[in-house]
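The two complexes that follow have chain A in common; it is paired with chain B in the first and with chain C in the second.
Here is the complex of A and B:
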């Protein structure tokens, strides 16, 4: 398949870099400033090298990537809230051209799910977004396989940064600020960690899950009850620990809606993953609880989910 | 069982003669009458003035069966000190975080107890930064089965008034 990749961050770059291993050709790659386009396949290595050296991927305008020749648009620009632009426009423009869209950007399916689905209905193209929930983990495809109707709740650890901080605070008895600084040194937390530690990132993933589970009743970030971990003192973790429990940032999607916040959980259960690992528990009507665990972020990890989606697209 | 929705939790306090086989003899009528044993608290080292051993048994049964159980115990000549009071069969643990001491902790606790109808079984405070800083408290509450959501709602409201945050337990899914 011919892929146009929008976004040249960790995920976009990995998709471009690994595409040939999955038998795909990159016909366009764009970041926010520039693009490189070639209907026969771009030179990925030199585009990424240029991105490293000069901060641009090529000499074309970013819009040219959107109008290039491709079968699948891979939308991997940064997640934005509210209008979810420019991601949303990228999605609709590709669909207007009857092209497939694979999203790694959470914005359009979290904030404007109904509109994305509507645009998809009017198009020959299909929209898939496995990479938006839990990185490499096959969460959305599992839900699709089991049928959203047969799933009563989904919950789990959906943010590796917050989980790293909490599991480290619990294990070492260290304070939040200390562990955050450590996580930033290790590259586990960003310089501005708000998105992760305030629960926004986990909430967006839960909102996407809620949208998939309740076809029809649209949910956005505004509908979610979200609490972060910034104000959690280590004394709270100590008290939990004394009682054989711990505290993790848990996202929950159920009939009661979407809720993200620090929760008390038993210390040794499937949910208590440590470090940056993620886990999602799917509660099914006929098959009990399924646990899906793995790497919830990272360039090659998330790119794997993008390639899995491309493999699921119809008419190949 | 068709009567299952009518099952309650009961606590029975017994005094057993210090003789081998007495505990088993006391439990038999419960099992035979269809009571569901929840826990047995057997204080072997703590004798009553008469030299008997106090035993506390928590069980679940329908009210009719519970009456039969008590009758069967009495018929077997087992001393029943107390029976019947509707007791608690579920436990909830929450952690409160915030200015717990400044916002009058004992008032918070009695409010929680009153509003939720739960009984606070144990309580731990951790205030490593001193009593004027933010601290954390762990509360273990006993409640009747099925009341957890109601109790958590009451705690949320009381905590909200005092700007405390509540770290709630995650509902069980590992069935």
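Here is the complex of A and C:
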């Protein structure tokens, strides 16, 4: 398949780098400033080297990537809230051209799910977005396999940064600020960690799950009840520990809606993954509880989910 | 889709019972003695009630199910070794009629994988077999999503009976014979537990995984190095425990081939599931290690995997 990749951050770069291993050709790659376009396949290595050296991937305008020749648009620009732009416009423009869209950007399917599905219905193209929930973990495909209406709840640890901080706080008896600084030094947390520690990132994933599970009743970030981990005192973790428990930032989609917050859970159970690992529990009507754990973020990990989606597209 | 179900044990009965919830119609159901066939849809409840009361599902001959009107043949007869009959013949007869086949029976894809694939190539029908490995867990679909050549190894706890016995032995300090008797009382172990405790069942699953992963080099049970848990003294578990470890029956497919046997593993890691739960670890090139755990056996659980396969069939 011919892929146009929008976004040249960790995920977009990994998709571009690994595409040939999956038998695909990159015909366009864009960052926010520039693009490189070639219907016969761009030179990925030199585009990424130029990005590294000069901060741009090529001499074309970013818009040229969107109008390039491709079968699948891979939307990997940063997630934005509210209008989810420019991701949303990228999605609809590709669909208007009857092209497939594979999203790594959570915005369009978290904030404007109904509109994305409508645009898809009017198009020959299909929209898939496994990469938006849990990186490498096959969460959405598992839900599709089981049929959304045979799933009663989905919950889990959906943010690696928050989980790293909480598991370090619990293991070392350290305070939030101390562990956050450590996580920032290690590159596990961003300079502005709000998106992760306030629960927004986990909530967006839960909202996407809710949209997939409800099939009809649309959900956005505004419908989610979200609490982060900033104000969690280390004494709470000590207390939990005395009782054989610990605290994790758990996101949950159930009949009670979408909720994200610090929860007291038993030690050494499926939900107590440590470090940056993620876990998702899928509660089914006929098959009990399934647990899926793995790397919930990272360039090549998320790219793997993008390629899984591409492999699942119809008409190949 | 119209389904013909061969086998009216736990899995076949569950497929028949749940089919209407997934929008499918059962046009034939057979056990080893009898069948009930109706191109407009059989009365599943009365067929299963008759099975309960009289030991047969209907008045037709079993062969009539195979020649009935259906889109998908669900092969859920008991797994047999060697020639994998009569399962293998069921598969090829359906493929000769250009029908799809969904297997819950491990025999044909463990013992005669190459022949099944050949028959599939000459047919309009597709063969899927998620239900043969790990019940409800989406193992084969995950491998397909990641691309077999991006997977370096698959290992896990693939037999619930053996895992129940080992985890009870470890937790209670009891001997093998004692726990086996307990498992038999609970219905977790068969009267003749050989298939489970000798590692055969886990090995068949690993052989199927090896066939899917190697794509070409065929593997059968004869190629697997298999050791069971019958001779494992409880003192070995005590020794492991003193060192923070435990013992599980682990099946593994890697560059070293297919191996099943009791292995010393760390306590409280992903592989140490307890009771009858199963876990599969998928080691990938680009996305680290994925863990999938859940119910590895059971009627409705395995039926869920059958329906997932049916949902994935082409041309619907």
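Everything below uses one rule, namely that the second predicted complex is superposed on the first by the 316 of 316 C-alpha atoms of A that agree within 3 Å, B and C clash if a C-alpha of one lies under 4 Å from a C-alpha of the other, contacts with A are read in each partner's own complex, and residues count from 1 in each chain.
Assume contacts are C-beta pairs under 8 Å (C-beta built on N, C-alpha and C of every residue); 3 or more make two chains touch, one makes a residue touch a chain.
All values reported here derive from a predicted model rather than from experimental measurement.
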{"item": "Which of chain B and chain C A:270 touches, first, second, both or neither", "value": "both"}
{"item": "Touching partner for A:243 - first (chain B), second (chain C), both, neither", "value": "first"}
{"item": "First, second, both or neither for A:293, with chain B first and chain C second", "value": "second"}
{"item": "Between chain B and chain C, more extensive residue contact with chain A", "value": "C"}
{"item": "Overlap of chain C and chain B interfaces on chain A (superposed complexes)", "value": "270, 288-289"}
{"item": "In the complex, chain B residues that touch chain A", "value": "93-95, 97, 124, 126-129, 134-138, 140, 165, 167-170, 173-175"}
{"item": "Interfacial residue positions of chain A with respect to chain B in the complex", "value": "153, 155, 227, 231-236, 238-240, 242-243, 245, 247, 250, 252, 261-265, 269-271, 281, 283, 288-289"}
{"item": "Of chain C, residues touching chain A in the complex", "value": "14, 18, 21-22, 135-138, 141-142, 144-147, 150, 268, 270, 284, 286-295, 298, 300-301, 303-305, 307-308, 311-312"}
